[in-house]
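Both complexes below contain subunit A, partnered by subunit B and then by subunit C.
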Partner chain A sequence: MNQSFQWDAVGDAFPLLLEGFRVTLLATVLGTLVAAVLGLAVAVAGRAPSRFVTVPVKALTEFVRSTPLLVQLVGAAAVFSSVEPLTIGIIVLGIHYAAYTSEVYRAGIDGVPKGQWEACRALSMSPRRTWQAVILPQAVRNVLPALGNYAISMFKETPFLAVITVQEMVFEARKYGADHFVYTEVFTLAGLIFLVASYPTSLLMRKLEKRLGH
Partner chain B sequence: MSDFLSILGEEFPQVRSGLWVTLEATVLGSLVALLLSFVLGLAAGSKLLLVRGVSRTVVEFFRGTSLYIQLFWLYYAMPPLTGYELTPLVCGIVAFGLNYGAYGSEIVRGAINSVPRAQYEAAVALNMTPFHRMRKVIMPQAWVQMIPSFTNLLIQLLKCTPLLWLLSAADLMTAIEHVRSRSGETLTTYLVLLAVYFVLAYALTLLMNMLERTAKRRLGLHTGAGSLLKTRTAEAAATAGGAR
Partner chain C sequence: MATESAPLKEPADAAPDPQVTGVEPLVRFDKVVKRYGDHVVLDELDFTVRRGEHVTLIGPSGSGKTTILRLLMTLEKVSDGVIWVDGSPLSHVRTPSGALKPAGEKQLRESRKKIGMVFQQFNLFPNMKVLQNITEAPVNVLGMDKDEAETRARELLDLVGLSGKVDAHPSQLSGGQQQRVAIARALAMRPEILLLDEVTSALDPELVAGVLELLGDIARNTNITMLCVTHEMNFARDVSEKVLMFDAGRVVESGSPEKIFTDPEHERTREFLNAVL
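Up next, the complex of A and B:
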């Protein structure tokens, strides 16, 4: 059976989707924050002098990076069933992406010239001060566009949160679709909202990349 | 734990066929993606503005709308609109293929652009036809550049296959979920499932490293056997992830 596109359903569902979109944005922003902080911690720990630190850290990030986000989410939600789904979603998204951002930071840290490290040693700076005052300010600046790109990726993976009953945009779309049996219109709308939000952001990142001279 | 193992044993045929469905989705999905990557990637380098424009639009469209939405659109939204209905597995293969094909095309485009200009000029000077130029000079060099990034995309695609569970496609996750609900061993079940995906990802990485070694050999670049065991590189991970 061929049905025509029901425009009134689009208008009807739009406010609901926007409401869900706020949760989507919240999850993306907080998830990115977790990934940015945790990724940095992992990258710095990966440079620790002891192998007892670096080997487990590397193995763990490799494991998190190579296993599906969906399984991690569903597993975490089932094991910690008393925690609120949105909290679990943000933490799991953050941990998953930290495995990626840590690599970005690592590349950024490797990109800081060796002379900078040597200068710090010559000035007998403490390791803490070396990282804080010299290495990280240079490393982080270089990796900002890459981090931004991961934030966009995360944004497009937030629909996975609907599976653990977080009421973000796709969750609302599915609910509306099931209630009114109009999947076509709401999914098309949800997809377009993603496109409208992510495309300009990715153009912005490209511009930033150019400005930082990559 | 023993409960879990005995139920896993009982459910083994389902788990095995689930594993097969997951592998099928991964392999067929990535073949569709590979084909699309080359079509869109080569079109992006066309002299005609129209061809370039169409390629750009398709790529941005499939990258910009979430994979999750594309999959659900194919499964729920397409049948009432067009009258065609796809099985869950085919939905998965098409959605994975389209989404990762769009990302892959950027890899193809980038790799072709990274081949030194002099190679292209030399091929022109030798009076090679455009097809010959691509086939014998540009592509073999670009291909070596593409493989590490393709490896990342392949792993990403594998990691998306549990989405099939949401369409009840009887994949690995569906089968294991069944074991979980019967045994009640939540933590063990998910750890086992994660471990299986990890092993699959590692096996695919190893295969791709072998492919890269062969491709490099064709260019006369020899690498030691140690290169087979390397994990995905940071740089390639950054590009694939960033492009996702």
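Up next, the complex of A and C:
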């Protein structure tokens, strides 16, 4: 290792970064929840019989997917300046990823055989009950691994929240670095913490994928 | 000819005209047309089924047999004409002026309650256990009490010879067993009409006989009306009182199984039977 690598800075910054990591984790978990629920709603709305529903939904998802997360964060923070930055961050992350998870759900819903819909109709089941009892349980089961991968991806994009002054881990690292002129050390540490957190998660996802028979 | 969306004209005395016997048939196809684009699948089809009758539809692939079942189950819409079930239009509603217009989804759901269907590919719900496959619709569609629905589901599983599989998942069953569950699921809704769409076609040969035997039992021991599309001529002979021979969207010939199988009148029927028997 480079002689000038200041190990004491690593130890010194660690509690601060952990504090930031708590925010990172919170944003990821809540953001994933928003993306999972909203994405599902978008996917189901996309199959609505009326174009008055499908066209705006499609336009909105296209808009979200065609603009950078960073721009969406700054834009939302500017418009809703009275709202707490972390709240904005979670909602924007959730909406941004919902545009992608909705596609995943859509594929999962399309993957449910046509015969399942017909069986429901042959049993006079209501559309609501058809979705709830038959289609979604099968669709969601098929897409769980893909959703997990988006959660990990979101986790690694939380540093963007620093731009709207959310004090997540990378925000803390940069602040410590600026205060003590030790950037390499703290950013290396932040990277390691990301690695330690996301690698086991992706292993878990792979295991889940195997168990679901993909 | 009216299109799908246009109301159909009915004579002023719009009550369905009874047959010569004075008994309205349970099912009556009245000039039913089904088109997919330019392709005409059913061409002004007329036929009737009496209550309690077991009818087999035979004919070459693409002759429109399965389409008839799918129209009756309202999985497809008629392009023209009216299907009458028990004296009421199946997929139309009457406007105040007495004309008929295509029914909405809610009314279709009401119409469907009288009719059950068993599919070639079983279409059991893989995310539910066998028992729940059978109780789902009685509880959530008919509003049956859950305990009552389960008791009845167990009786039906007993009937189809699968009382030991209550807690199994469909994926743990053989094709023949899955089809038995599907039959039990359809019967749980107490339909007046049971539609059977090539229910043995996807089964291994050794499993076919058991399912046919079960359907024969049901035909003999209930007053359920059956419409059955099949390539199993034995089933047509043993279970049904009436065989309809289809070709190119029309009934070519109809009669008792003895008549159709031993002394067919129409050349197309003879050709078809020679090919399959």
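As a convention for this text, the second predicted complex is superposed on the first by the 211 of 214 C-alpha atoms of A that agree within 3 Å, B and C clash if a C-alpha of one lies under 4 Å from a C-alpha of the other, contacts with A are read in each partner's own complex, and residues count from 1 in each chain.
Just so it is clear, a contact is a pair of C-beta atoms (placed from the backbone, for glycine too) under 8 Å apart; a residue touches a chain by one contact, two chains touch by 3 or more.
Predicted model, so just to flag it, every value in this text is computed and none were measured.
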Combined model on subunit A: subunit C and subunit B, fit or clash: fit
C-alpha centroid angle, subunit C to subunit B via subunit A, nearest 10°: 100
First (subunit B), second (subunit C), both or neither touched by A:R141: second
Partner chain in contact with A:V53 - subunit B first, subunit C second, else both or neither: neither
Subunit A residues touched - subunit C or subunit B, whichever exceeds: B
Subunit B versus subunit C as contact partner of A:S126, first or second or both or neither: second
Partner chain(s) touched by A:V71 [first = subunit B, second = subunit C, both, neither]: first
Smallest separation in angstrom, by C-alpha atoms, between subunit B and subunit C in the superposition: 22
Residues of subunit A contacting subunit B in one complex and subunit C in the other: none
Footprint of subunit C on subunit A - complex, ascending: 113, 115-116, 118-119, 121-127, 129, 133-134, 137-138, 141
Residues of subunit A that touch subunit B when the two form their complex: 1-3, 5, 62-63, 65-72, 74-75, 78-79, 100, 103-104, 106-107, 146, 149-150, 153, 156-160, 163, 170, 174, 177, 183-185, 187-188, 190-192, 194-195, 198-199, 202
Complex contact set, residues of subunit B against subunit A: 60-61, 63-70, 72-73, 76-78, 80-83, 155, 158-163, 165-166, 173, 180, 186-187, 190-191, 193-194, 197-198, 201-202, 231, 234-235, 237-238, 241-244
Contact footprint of subunit A on subunit C as seen in their complex: 73-75, 105, 109-110, 112-113, 115-117, 119, 121, 123-128, 136-137, 140-141, 185-186, 189
